[in-house]
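Dropping the structures in below, format is structure tokens.
The two complexes that follow have subunit A in common; it is paired with subunit B in the first and with subunit C in the second.
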Partner chain A sequence: MTPASDDPNAERKAWMRVLARASAGDMRALLADCPALPPHIRLRGPEVGLVMARGRIGGGGGAFNLGEIAVTRCTVRSEAGQVGHATIARRDDEAAELAARIDAALQDPARHDAMAARVITPLAAAQEKRRQDAARRAAATQVQFFTMATMRS
Partner chain B sequence: MTVDLPGFADPVGGAQECFRAVLDAMARPGAIRAAACPPPAKLHAATAAVLLTLVDSETSLWIDPALAAATDWVRFHCGPREVEASQADFVLAASLPALDRLRAGTDEGPDESATVILQVADFAAGQRLRLAGPGLRAPATLDVDGLPTGFLAAWEANHALFPRGVDLILCARDRLACLPRSVRIEKG
Partner chain C sequence: MAYVAVKGGERAIDNAHAWLAETRRGDQAVAEIATDQISEQLGRAVDRVMSEGGLYDRDLAALAIKQAQGDLIEAAFLLRAYRTTLPRFGYSTPVDTGAMHIHRRVSAVFKDLPGGQILGPTYDYTHRLLDFALAAGAAPPAAPQAESGIAAMPRVSDLLDDEGLIEGDGADEGEPGDLTREPLAFPANRALRLQALARGDEGFLLAMGYSTQRGWGGTHPFVGEIRMGEVAVEITPPELGFAIDIGDITLTECQMVNQFAGSKTKPPQFTRGYGLAFGHSERKAMAMALVDRSLRAEELGEEATAPAQNVEFVLYHSDNIEGTGFVEHLKLPHYVDFQSELETIRRMRADAGRAEEMA
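And now, the complex of A and B:
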């Protein structure tokens, strides 16, 4: 998934996506090696709500309301003045707040490089590895239904 | 969008406290109650608190262009549907809008009327209003600095619609007072 190159927020979207998938424990473990996050105040949340998840799950390709999923969102302002957001697809106040604080720190030029190298890069690598492991396990069980594939195409 | 102010320090407690203040003030027209949260540019503390308490994604709001600087804050914390004044559940205004243009509800559904959140300068000076009606054993007085000269006539027309009509929540700094449609207002 490569974001469009003309999107000025592409870089931030990429790290927010990584943070949204990371667990609070993983983030804490990686933050232990970094300079401490600056103090922050909560602007909103962390709070849990529901959003409608839509998917193209029918044969026709139209969007379908799959169901509501729980999301946790949090917005913080760090002492340095950056506002960090996080929205994660599960109930986890701690992870949402940590993700928002890291998002704020990543927007601080003085902290960006250390945070990106020591938190985002390892998290992204671990997530990519998990994705590939799952894809490999799934690929091993794949069955090719040639007749179906022919009919659908 | 840059919003860098929190809402209520304690979202649930703060909203309940402010709701109680609005309820009390609505039940006793002219009574002044306290309500506050850190306000964004252009809004007073009480106005911001009332918005956080009453407005959310299930309500519709019209924002006075004079208060447009607060729009981002309102979207971030309240997330209302933004509509024309004539359609809105809540009307946020810095000067009295034309009350007869707002939703007045119907005889079957008087609760479908609009509520005006009007930010005024002060409750200690300005026009003296003499209030009478439900909730008041004896007539009360309320000083409001920030109502236009034609207010009494506009209110007369609004009061005459009862049970239809709009309700007013007046906010000044960290104080609020209410004028429900049931109250009669005379020059004090």
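And now, the complex of A and C:
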């Protein structure tokens, strides 16, 4: 899952991963602290459609079709000239369009640093905290087998 | 005649549906249930409807459950109907369940497996006593959190691979067939069978899996591993040309390990059945894994005599949307068919009567 360092798209993939998991409300709130996003035109969408999720036989073998996921995709071009894209695994036109606009802004050298610091970093931190909370809850349910140790002593 | 019947029926149908809507709402003195309450508080029903509806969307599944008054097969039917209105954007990269953010992971064969036994939010070990505190409505205490979270966990099947005592994940069969694009046809390879089982009826698969345990095509199963948690989904949009992560879905995976005496071509080793289902759907994933293995009878040179080993029988009857359609259509008007049957019976009786008179 971790992008290889020689992947030219690694940085963009990393912020797209964060944007795909962000709610429209959270993105709007963080954008309030940034210079306004440039005007944009919609090249496609936002539109809802289906992605067929695939699994692997036995977990690691040949692919099979598991079932579909409802997704929203959006492609925009900002006035500054960048083309931004988002596909998110839920039905939410506003979130997909915002994510695409932020993706475009992050590709704009004049806007990248502010966007990365004020939008992506806090979103990523909140998502990581959510994952860590779940991982700690899971760890609390780990079975500690003590019978053998007790019998040996 | 036909038009008269349709027009007469129209008002009755409208009125019936109005009464249905009122019944669905129930006593209006009681607060109306919201779809977010369903997706948050009836999560297992949502998982099942997504699984059998073949569409991962918690909000839509919750709406379908509300609309169907909790009739989960009707709700799955609603999801199947809705999905036909949406365009298909493409296929995901196969999900990597080995990289799952684990909420639950247990093995019934290795006590001390790397990563440990993680019970997660399970009904196992509950006493199945009705909890009247829930009827009163009480906020639960916060679930305890350990100091540090769990690490990534290798799949049990990868751990066992070393000695060759257990079969591998299977060779790539190439581009898998897609039941949402082409109707089921036989012979159905394992990829196609797994797709059918993944959206198959949980009750049907449970009964089929159970039948193998009771001796109709026994496979001597052990739960190698069950894991449940969040898995990232990736697609490659054509305009980008590289894979992007579009978010997480919750999946339950079951690796069933089965005794196998060997055949003319294969040494004795453990074989495997595989189950994968949307949401937290453990019973479904386990039953699916049992049936996946029993359907491999022919491939493994076993005598296929039991229903659960019969690929056509299982796959033709696992889909509850098709099943309910064909069973429930029986209650729709068959006046003309029945009239012609009546005529036939009358004629046969008359013919028989004449034959008697002549004798």
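Convention: the second predicted complex is superposed on the first by the 132 of 153 C-alpha atoms of A that agree within 3 Å, B and C clash if a C-alpha of one lies under 4 Å from a C-alpha of the other, contacts with A are read in each partner's own complex, and residues count from 1 in each chain.
Note that in this section a contact is a pair of C-beta atoms (placed from the backbone, for glycine too) under 8 Å apart; a residue touches a chain by one contact, two chains touch by 3 or more.
Keep in mind it's a predicted model, so treat the numbers as computed, not measured.
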TODO: Look at A:Ile57 in the shared chain and tell me whether it touches subunit B only, subunit C only, both, or neither; answer first, second, both or neither.
DONE: second
TODO: Figure out whether A:Val48 sits in contact with subunit B (first) or subunit C (second), or with both, or with neither.
DONE: second
Open item on the list: Touch test for A:Lys129: subunit B only (first), subunit C only (second), both, or neither?
Closed with: neither
Open item on the list: Just to be sure I read the superposition right, which of the two partners does A:Arg28 touch: subunit B = first, subunit C = second, or both, or neither?
Closed with: neither
Open item on the list: If we overlay the two complexes on their shared chain A, which of subunit B and subunit C does A:Val143 touch? Say first, second, both or neither.
Closed with: second
TODO: Could you say whether A:Thr87 touches subunit B, subunit C, both of them, or neither, answering first, second, both or neither?
DONE: second
- [ ] Could you figure out whether subunit B or subunit C reaches more residues of subunit A?
- [x] C
Task: On subunit A, positions contacted by subunit B and by subunit C - done: 47, 75
Open item on the list: Looking at the complex, which residues from subunit C come into contact with subunit A?
Closed with: 50-51, 54-57, 59-60, 83, 86-99, 101-104, 111-112, 116-122, 143-150, 155, 157-158, 168-180, 190-192, 194-195, 198-199, 229-230, 232-233, 235, 237, 239-240, 242-249, 251, 253, 255, 272, 274, 276, 278
Open item on the list: Going by the contact rule set out above, which residues of subunit A touch subunit B in the complex?
Closed with: 41-44, 47, 75, 77, 81, 83
Open item on the list: Help me check something: in the complex, which residues belonging to subunit A touch subunit C?
Closed with: 1, 7, 9, 13, 16-17, 20-21, 47-71, 73, 75, 85, 87-91, 131-143, 145
TODO: Spell out the residues on subunit B that touch subunit A in their complex, using ranges where they run on.
DONE: 2-7, 11, 76-77
